[in-house]
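What follows is a set of structures to go through.
Note that chain A is present in both complexes that follow, paired respectively with chain B and with chain C.
Up next is the complex of A and B:
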């Protein structure tokens, strides 16, 4: 139900090209978004409501367009369009592709991504905000309305980038979305900054993994009206993590917060400890988890994935295994999982499943986490089906040292058997196979 | 600024009208709140007339409180966080009313025998949809849980602020008795740019289901708008009950409830009959 532009309306661009309004896509508090085409190519156009079309907003957009996107995950403003008749304006950005779904769809169970896809999405999210913050910018309004992910591949797209400002900009009007804003903003003590973005990022990751808010437990269940005083208390003045090990006053309530209870059991200890830190010491700005730690932890989570015989995805919990010697009990069939072979590279332990791929960042710490151009894949021997190996997909040869000390080379395209104790030198790093 | 008609007719198939309707306009006519609810007609929802009554009461009260505290005046950061709070508050307060009612009115022996599933989760017996709108001169908030229709007429064009939910097929609907009902609400926040709509029509699904297709149903909104301009409010008020009865008898056979909110013409005395009224 659009009000600002009409379908088939043509908006001139610089007197040369033109932008054809195709259809209304949706609206928010600031304006309306339309699908448009320019020279036959589809784009999205956000047009501001007259009250929101301020000179500050325009200047901010011009700045963002000038500096460009931190990476290709951001649906970044490309250029401005203006209507001189009423002094309103909008901006062109890439169109979100249909396979990208919102966290709302996850909450409503309209999509059920694999743990693998969630881990990849977590890596991309942390990585993208790392790059944004490294550019001296602050997102200000991280929430699940702004993140879309492909439930198959885990790729992400980050929308609503027009409220991004330089870190510490005091002239901000957008303070964030309730539930995602840092406690110090809720209490009225701070403005959005990189520190508060880090809190919102932690909330968003918590939503993605546990399908629940980190501070909504017993205290939330008692709320009669979700008004400002109730929200300020829950998210600002007395925030308590639902799994705070020292403060048990805000545990999730069975029958109300079932997602949190169910998903808490499925994740490995290091992930749970990270979220405990994020929402205990991390309730204060100087205790926040940095983007890189989130990214590395999400990548470690990806590497911890195993499959139960029933087919369900589970996580190997190295901490639990080292302490008790017991493998993860499958969340689906409730039987102990069988530990697959592992590849240990430095401190990292990668589970070797039939579909495991080893990526450049696994074998070269200087390379950023990207899940493309794998350097190795798992192969089954064509004749001896019980024999598995790594196929070298890279352009470099590997050096393999057997348990007896024999050194052989594995050329690109060739395989190395997964035998306990053998070492593979990938060039920058060396890994050992554990079976 | 507004004139309202709220009308409901009972299905010949139901012993009780399970729909509810309510609206409120304060003395200063600053805003209008309207709500309708369709208590489910299935056998296990045997208290849905009470559930729908609770639903409209809760929504009217919550919208009034939010308007008084200016919650929706400055939504620079969007509506997404606020709508979650609204949905949670509506759901929780409705649940509280239902639980209190159950505590004071436990199931009778006959009710206990109706369905074992309901005996284990008694809230189901109160199941209802909910539709509503908060209409002000600066913005309008539309809200919907489950089936039913909201149509808006402006400049002789009919639009749906909340599109039909493609996830709902046949007679399936979301309900306030769902454990996660708060995540199933849909909202539309519309800042008013230029003129207010000429007509906002809310109706339970008994209305649209009486028409062969959506286009025919949407024409009804245009007809009401034209009648209002040509014949006036009193003509519609006098006849609407009969029209609705005819519609359901020859159509869905369901309870049928509608609220029509007309923007008054300049020469009419605004909200003359409805001022400071809760109905």
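Up next is the complex of A and C:
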């Protein structure tokens, strides 16, 4: 094999430590990635091909190393290694952990996450890109290969961060990955920017939720040879969302685009409306959905999860329920689902299932969306098995107002019954139970 | 696996990858063994690239031309199940007949009308001993041949690069002249990975990258840093 680095090769670091090349992991358009060890600890090392080892790339990496990662989801460059003999270089970054699977595995259905895990992954993804963009940076190459997620927990890791630059940096080298690049890049009118990142993020979320590309419908079905001119037309010159309410020329074709059809029936109205916006008005840069809206919608999707009696996860569609009074029909057993009790906090409606957890961000809008340290869990009364409640897992006491107006305190560790109309004051916000 | 969500795998398109290999008498000995080695060597990386592209179902076949012109791998095999059986050399260089055999398989049917551009890789060390020109014209009547990414690798200086250039039919893509076994390994790996990647889902597009034909195949392999010690 013709590789840039050899196994067992030792690369000096600042004359003190050294980096031992353990094995080749993979290659891409710019270089190769190796598993290495430094002081016995495993890391990943990306080494650039001579043509890609430019002074601009090096300066860009030095900048990224200096400013540090936007959050802990990014496998961010830690430090540079150089080979003075041929002026090539690489950088050390954290090694991706084995429980994190590629979006490719999700597309091939080799990993089967729950909707819950996908919603959490969506929240993390939107949140991480929000932080990156808030720092004035631009990712430029969001695609299948750059995101990994834990199908059990929904946690994510974002790789290939070496193409990140300041938004608007004219020294761009990477234009993005076809199918993910924004229409204006496909048409050759623009370079990657924060705005084009937002389009790619929407495509990635669509792939994750629908296992299908948002622009591949009837138009795609009619294409014989799917080559560059065909891709340019489909993704650049005449992009039409498969569920554009005003333009029905590109609907999914049964037998070819079955995933789009199946998942479209599954998601609640607010998610469908968001994707419609993302791929209608959002085809233009100033119409793009911002990360915060994606994040809040993914969190709302998480809160809308219900279980059918058959065990399948479904979503409560509040819009549909308010209009028709009908509950969601289960995608798996095709029977109507039974609506569980709900907790309404401000505008948010949280489904109360047996495994529902209430997190700090649910009860305090100033706290970021993290799915850890729950403040409440659903609990069954130890004697009266038909009685369910919220157990206070927080350090603060809650105040509960009954339907009769009686006020009681719920100390940490204690429970409050899920009775229709009961109000719970969590400190910063007040919620009401709806049964 | 238990299905937790509706639907199935991502819809994909077939990507036909066809080796067209010269097994004439002049390939006998080291050359044919180097070719066998290079193809076998390329398989893991090819599988890995195919696996990373859920938009494509990479299907492999192989034509050989020498004593006879035949399908060495007749039924398109999914790259995940692709194994290489060594080929033997002997006979003339009936490249024209190989083009005819290829043309028959690029018709619709047996080809489907929806696919990714096929990748056709011609590897030869000599000159056609039959009517290549007419057969090539015949091949290029087929729309899938026109849409295909056609690549050519010359094994050694004796190969007729003019014929390979004609097969490629794109001035931006030059025949790859392999003067040693290491170069051959490198070229075959490139054809079976970078080009498969480009045809199924072009990788990150780099600024200033040349667009070659209807599929941007990216930068051709750089051989300048390879050892030149194993000369045929």
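Quick note on the criterion: the second predicted complex is superposed on the first by the 433 of 435 C-alpha atoms of A that agree within 3 Å, B and C clash if a C-alpha of one lies under 4 Å from a C-alpha of the other, contacts with A are read in each partner's own complex, and residues count from 1 in each chain.
Assume contacts are C-beta pairs under 8 Å (C-beta built on N, C-alpha and C of every residue); 3 or more make two chains touch, one makes a residue touch a chain.
All values reported here derive from a predicted model rather than from experimental measurement.
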Fit or clash between chain C and chain B when superposed on chain A: clash
A:331 touches, of chain B and chain C: first, second, both or neither? second
Which of chain B and chain C A:309 touches, first, second, both or neither: neither
Contacts of A:107 with chain B and chain C, given as first, second, both or neither: both
Which of chain B and chain C A:237 touches, first, second, both or neither: neither
Partner chain in contact with A:3 - chain B first, chain C second, else both or neither: first
First (chain B), second (chain C), both or neither touched by A:428: neither
Broader residue contact with chain A after superposition on the shared chain, chain B or chain C: C
Chain B versus chain C as contact partner of A:284, first or second or both or neither: neither
Colliding region between chain C and chain B, picked from 81-89, 117-125 or 243-251 after the shared-chain fit: 81-89
Touching both chain B and chain C, residues of chain A: 1, 28-30, 50-51, 104, 107-108, 110, 141, 143-145, 163, 173-179, 223-228
In the complex, chain A residues that touch chain B: 1, 3-4, 27-30, 49-52, 104, 107-108, 110, 141, 143-145, 160, 163, 173-180, 223-228, 231, 255
Residues of chain A touching chain C in the complex: 1-2, 26, 28-30, 50-51, 102, 104, 107-110, 112-115, 118, 141, 143-145, 163, 172-179, 181, 191, 207, 210-212, 216, 221, 223-229, 256-259, 262-263, 265-266, 312-313, 331-332
Chain B residues touching chain A - in the complex, by the definition given at the top: 62, 65, 69, 71, 75-82, 84-86, 88-89, 92-93, 96, 152, 159-161, 167, 179-180, 183-184, 188-191, 193-194
Chain A contact footprint on chain C (complex, rising order): 1-11, 13, 41, 48, 51-55, 113-117, 143-144, 147, 182, 185-186, 189, 201-207, 211, 214-216, 218-219, 222, 225-226
